[in-house]
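Presented sequentially are two complexes of chain A, the first with chain B as partner and the second with chain C.
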Partner chain A sequence: MGLPIPAILEIGRSINFHPVRGAPEIIDGLINLRGKVVTIINTGLAFEAEKVKSTDESRVYILKNNTELREVADADFDIETSPDNIGIHVDRIADVISVENEDLQTVPANINHPFYKHVVRRGEEFIIILEPQKMLNLNEHQELLS
Partner chain B sequence: MDKDNEIFQNFLIEMGERLQDLEEGLDELDQSYHPDIINKLFRAVHTIKGGGGFFGLTQIAELTHEFEDLLMKVREGELPFSKNMLPVFFSACDSLRDMHEAGDQGASLDISKLCSSLKGLQGGEELSEFPTQTPKDASQPTPVEAEMNQELETETQPIQEAAPKPILDTAQQDTKPTKALKATPASKKATKDSAQSKNETIRVKVDLLNKLMELTGEIVLGRNQLLRQFSRMGNKSTLHEMAHMISDLQQLVLQTRMQPIGSTFTKFNRIVRDLSKQLDKPIRLNIKGEDTELDRSIIESLSDPLTHLIRNCADHGLEPPDERLANGKDREGSIWLEAKHEGGQVAISVRDNGRGIDAEKVKAKSLANQVITQAEADSMGEKEAAKLIFHPGLSTADAVTSLSGRGVGMDVVKSTLEKLGGAIDLETKLNEGTHIIIHLPTTLTIMSSLIIRIEGDRFAVPHSELKEVILVRPEDELQIEQIRGQEVYRLRGSLIPILTLAEISGVDKPEDIESISTSNTENEECLFLVLHSGTNQFGLRIDSIDHTEEIVVKPLAQILSKFSYYAGSSILGDSDVAMVLSANGICQSRKLHNHDLESHKESQQSLAESQLIDIQEKQDLLVFKYASDEQMAIPLSLVFKVEQIDINTIQSIADNKFINLEGKNTLLLFLDAHLELKPLPENLKTYYIIVPKIKDFNVGIVASTIEESVHTRLNLDSPPISQQAILGITTIREQITYVIDLFTLAEQVSPERFKTSREICNPDKDRLLVVEDTPFFRDLEKTYFESVGFRVSVANNGQEAIQMLKEKPNYFNIVVSDIVMPVMDGYELVKLIKSDDKLSHIPVVALTSFSEEEHREKALAAGFDDYAIKTNKETILHSVNAFLDED
Partner chain C sequence: MSDTQDIKFNIYNPVITYEHRAAFDLIVSHLQEIFPICNQGKCKALEVSDDPQKQKQINDLMEKVEFFSNSLITITKVFFDQLYRAKQTSSQSISQSTAMIKIDMIERNLLERTCDVRWWALEKAFWQCIILADENPEEVARISKTASRKATKSSSVNSELKNAVQLACTRLEDIRNSYTLYRDLVIVTLDGTVIANSNEERRSTVLGMNVSEEEWFKKALQTKDGTEYFVQDISRSKLEDVESLIYSTALRAGGDEQGEVIGAMGVLFDFQGESQIILNDYLPGDNDSATLDGWFSFFTNDQGRVICSSDEYFIPSGKAADIPRRHWKLDNPGDVLVSTAIVCGNRSLVVSHKSEGFDEYRGLGWTSHLVLPESAMFERSEENEDYGISPQELMNSRLIPDTNKQTYQEIQRNKGDIQLISINGIILATDLGKAGTSFIPIFDQITTTGNSTTGKMEELLSEMSSDMLQQNLKALENFSKQAIDLIDRNLFERAADVRWWSTDHAFWEALQNNKDENFEEASKRLGIINASYTMYRDLVIADSNGRIVANSKSENRDKLKRMNVSEQSWFRQGMQISRSVQFGVQDVCNSDLENEETSLIYCGGILEDGQREGKVLGVLGIFFDWENLAGPILEGCLPRIKNEVVEGGAAFYMNGEREIIASTDSDHFAIGQEVNIPIENLKLEDGESASGIFTDKGRKFIIGSSKTQGYREYTGLGWTAHVVRPID
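Up next, the complex of A and B:
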């Protein structure tokens, strides 16, 4: 799966989560990012897979918030994240690829997931491009909050 | 008009701001027309008009009035906007600016011409000439020009289109004896300078202040981290010096955002005056504590809720003059608006002396709107019922205006205040008025907080919400107790709920640290915080206290915002993240209401059951043993303290044994001398001494062991063998237990002091009614009074009492009543008695276990003739006799 790089503020190791008592399981907790408190979402649970565990390879992608995003607005890239800084916990960094806009294909209708935005073909593989805004707005996906 | 007055200065600043809006708006209007711009202009002019009118600045008021009328017509579409209007607008605006800057606020300016131009435009007249553009009449300069000319001469500003004109005409000299009339350039300039130095301020963008604040927050965090990192270093003087400076910096930055609330308050003078006219009710607004400072953002958001509350007071709370006169009140209604600091928070109170809220009607309406169920309604106290007006379900206009008027949008008021971290509370009394109290934090950003640990996690609790920290040791007489599985604690006479984080968050503690805390209170120390939100109090079980720290509260991400029991998160000195708990949020999420907590819980039970149980008050008993197998109990409320003593410290004088307790020689009382009991076992090394809380009864009752203190409903049976000092027997933990009558015991020990003479009673007036729900006290009081010759009748609660009184209105000579009772409490009883013509002559004495003075005042205010403490027999008899001897 892929995320547009402009949406990412930085990538850090997945350590020192501070759990939030009472919060749904999909929220790993809060971390202190140089004085900013960032909420971390466990992506595994968002895709009905297993929870991402903290390992040597696992990382948190800290996403820019909407204000930061607008400051570096890229004219041909229209993305939104959320009003707050939110991080997503991922298994590992796979690769950095560059994709031409025309290569982005819409998600086939039989693959139905609110977070998927585009599909890109890379050789034999398909890479799913996620939509950060949908993903971060967990309040719209009550089923994930339980 | 006192021009040094702070409020006035505030108005000047505000007017300056509005003028800027006005100027900006006009510039926009010059570019292109848009209704929004007219709106903006209208608002600006309207605000200035309000202030001008308030401070009696007639010139400003007059000009803005005309200006406003014209704008209104344009806004309403009565008059099409035309570019022709612009020059007049501009000159009006400039005129206002000049008045604003003039030392006398333009009192000496002639604005008649400008006003008439404005008026002319209103009539749709195409103005062919504008004062600024074609000044034809040289001897009658327009004010704008006059001002401009002054400026030209004093400050040599180039002003276009302004031909040199004589400075101010002299025609007004006699009307205005201020310095402006002799406005020579020099004096004019001097006034300006002094006006400026008085409020030497610059306007800074709030955004900038916010960033500054944020940054300071980070610096504070950094300081905390540094202090921690270098805590083991030897010489830290530089670091400490810096730390202090950072504290100062933080204080100052906080102050930049602080504003006196006065500016918000004073505008209510006008609002109330307007309302008074509109509603045709004379209203007096009393304002206090204008200089109480609050964070700017709080003050800004406070204006609307307060306006709403004041409007409610004036509109619905206060009665029309005739009704007030008929009720024996002043013709003029009063509203009190007060702000004051209260324990780290600011309390704002809005009070009126109007008709109050009829709780029953609110209840009925809530029932009809299905906001509450019948069972809830029945168990609901008056206070809680009145608070239903804050419920969104009751906020439709017709729902409440037809009742007592309150509630329109009260839920909005409440939620606005809660967003600010505040709490709102209400007290109301029918026909006496309503009192709304708002508690607010002074600032939202940096808070001094206590860092605590619960089950391994750290949490921050702001000091402003923290009342006290209580440690309950196993040997303490007051323990955390259980009511229907819910933990409660008796804190100075009031029961407060004790919550755990697991209850609040709905998540059980992580399994791996389960051993750290258990709910077993008997063998372990138990630590809890008493938190408060408004007048609600509750305890929060914690494991330990870490330290105190200044924290910067960061708002939670949106996805977490529904967890209202967190106020936010914060980064601690060791760069760890901690959640900040919010007492307010906890109260809301746990639906805690003060006073009504127990009834609320019981409302979940079946109604019949709860009524049955409610009829008896629970009683705390201290259970102990004298000899090995005989269990005794004393009401805990009568126990002063319990001590363990070494048998060797006992000293004997003649037959009496004494012990020195905290410097007081205390007589030891061996119960076997007064009751038929087995003697104490001889092999004891230590005794327990129970010191009763009875005046002049300075003894220690000896016990071999203290068993426990129980919180139980006391079912007393009369003792099988008549023993005087025993009140009755009951079963505690499946053991027969004697409940000791301490008063009789005291009489037996020192008869001369405690035997009250039986002759003090007037034989004609000996019929006394005891109203008391607790069987224990009922019997005790009955014994008291019978022992001095009264004929005593008893009632279980106010309802029973009032029935008995009504059946035989001339029978009873005096009523002695408890205050806190189920079904009908003492306050209500006394109200009924005093409002009944046949009964009002009967003196009613309140008898209660509270000893605080405030209760006394409340009781006396409610109509009780006197007030006595249950545990003090002498004062009871004294106050009862005082009434009977009177006539």
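Up next, the complex of A and C:
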């Protein structure tokens, strides 16, 4: 699975979450990113049977907020995130790949997952490109995440 | 991470292999290439963006990359040091245990010898011969002359004395035939004249010889009672042309342990032959099974002089060895000394271990030395068998020292950090739009270099861990070989015992006369034997019908007398015997003769008139207390780290049916149990060893196994010894 690079602010190790009492189960906690408070959500249950665990390999993607997104130079894309900086906790990161716009195909209709936006073919493999805006909209798809 | 100052094996050390130097060069040069790339990145940042915050962010990233490159360069230097240290430590500990195994092996053998001489000195034929000689001193001189012409019947020598001498010689020959470890055995009168010996070839030279000046003789006469003996360390004796190791004790009137001293008995142990077997063991050989150059094994006595050597050309006996002076003789029992030095032109590892003795037996203060070329410690093992264990699993196993594990983790972490920096760099570059694209190749290069260098290090670490696995497997093989060799040697002794005892006159007389008082006499004699040797539960005599007619322990007598053993394997084997050099053995089983789960019974044929060859009258059966012997031997063969047994380490013997017959760990490897060990470790040829990995009750073990190769006339019972240690 992949996320468009411009949506990402930075990637860090998944450590030092401050747990929040009473928060939904999908919230791993809060982190302090150079003074900003960032909520970390655990996407494990949305795609797999269990939540992502903190290991040597697990990482946190901090996504830009909508304002930061608009500051990206020479932007030729159509992405929305959310009004706040939100982080997502993932098992591991693999690689950076570059994809031409025409290679982004729509997800087949029978794969009906609200977070999936595009699918890209890489040799024998298919990579799903996620839609950050949907993932980060906690109010709308909470049932999927927990 | 240890300081670079403490590096023992830096890359310029001659022991570092060519491949490792090449790997070091590759890693370091790749890491050095990162610095100009980072510099280029910093320049680019100024070029493409006017935003000071963006510039700083890129600058920070580049500095982080530089930091991790530097850290990886440091790790690389320490890394090879750790790699070589780990190999050195593990080779040293293996060499140490090999040196120890060798001295143990010979010392245990010598301990058995001390029992022998004391027991034999009680033999009637010997003291009777001395008494007759004392009564006819003028005849003694003539005995030796007639001995050289042994067929001369017309001799004027007092025929009673002549017969007594002949009988004594015959009995000494019987001993030598039963215990093949002796070159000769002699009976000496009080004035020092040899009047009987066992070795017919030497008889004309030895008989009549006066040994009154020799220490072993003088000391034998000074022994206080029958429980004392003397051993003369390797030295020259008139009795032989080679250096001798002589055990001696006094002969006493009436064969009474407290009796008056009337003469002496000396037994000449074949030390050289025995040592050669032990010294040549555990030395690697080439295709023609000649020992590889630079490997030596030898013993020195308490004067630091070589007494036996695996290579008489380079390390000759009788001289001080060409090793560091402080190795010549060690001060205290159990001392170990390890050095690196030039030995016979090779840079070598020298390991010395001084004997500890056993229980009350203190030994002769000998030291065992093992010399091997230093390069052998760091050689890559050629075998690269697939044991079905992943490099990752191996790296995390207990075989790998903690420092190496930490380095592995540090490399992993650095690798992750470099990847993170690169990706974050690419994210930053993307934010700069088109201007940022020129950063992409820079970060790509950083990722590639990071991956290739850490990958190379992982490769080296996995190479090291597979070497460690090989070394550990080899060590377990050695331990298992030691375990089976020790038991073989011990069982050989039992075979020697039973053969000799079967010739005792009390036994054949009892069976021939078939009278109660003779059987009682036989039982008494068995009792004396059992009291002198601690390793038997009971000794019994069965007549030709399988009825038990005498035994050593009076408390068992009533029970045994009602039993018939004609269907039992040991008895049937015994009844097939027609020569006194033969013996039989019934493998470990549950026997109704004693209330023990594991009986091991040796048998010898009692032959008519005590002849060496003839009709069998009945069978002598000896019940060996084998668990009490096997236990300590197995304990001594357990894998150890710094003298502590490795957690979960165990050793056990299996019989030909692949059932455990003795074990150090009755919880996990219990007697009677079958264990799911690799098939290669069970299907061994005699004398062969193997190793492997197996899983038992969810735990992963490495295992070394050896099959019996027998020892001298004892051919073994198809047993295998196994030594295991868990690795997870």
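Rule of thumb we're sticking to: the second predicted complex is superposed on the first by the 138 of 146 C-alpha atoms of A that agree within 3 Å, B and C clash if a C-alpha of one lies under 4 Å from a C-alpha of the other, contacts with A are read in each partner's own complex, and residues count from 1 in each chain.
The definition used in the following text is that contacts are C-beta pairs under 8 Å (C-beta built on N, C-alpha and C of every residue); 3 or more make two chains touch, one makes a residue touch a chain.
Bear in mind the structure is a predicted one, so any value in this text is a computation, not a measurement.
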| item | value |
| --- | --- |
| Partners on chain A (chain B, chain C) - clash or fit | fit |
| First, second, both or neither for A:L9, with chain B first and chain C second | second |
| Touched partner set for A:I111, first chain B, second chain C, both or neither | neither |
| Touching partner for A:A49 - first (chain B), second (chain C), both, neither | neither |
| Contacts of A:L136 with chain B and chain C, given as first, second, both or neither | first |
| First (chain B), second (chain C), both or neither touched by A:T39 | first |
| Partner chain(s) touched by A:I27 [first = chain B, second = chain C, both, neither] | first |
| First, second, both or neither for A:R59, with chain B first and chain C second | second |
| Which partner reaches more residues of chain A (counting touched residues only), chain B or chain C | B |
| Superposed arrangement (fit on chain A Cα atoms) - minimum chain B/chain C Cα distance in Å | 16 |
| Residues of chain A at both interfaces, chain B in one complex, chain C in the other | none |
| In the complex with chain A, residue positions of chain B that touch it | 218, 221-222, 457, 501, 504-507, 554, 556-560, 562-563, 565-566, 569-571, 575-579 |
| List of chain C residues in touch with chain A within their complex | 409, 412-413, 416, 419-420, 422-424, 426-427, 430-436 |
| In the complex, chain A residues that touch chain C | 5-6, 8-13, 56-57, 59, 71-75, 93, 96 |
| Parts of chain A lying in touch with chain B, wherever the complex brings them together | 16, 18-23, 27, 29-32, 35-39, 41, 82-86, 136-139 |
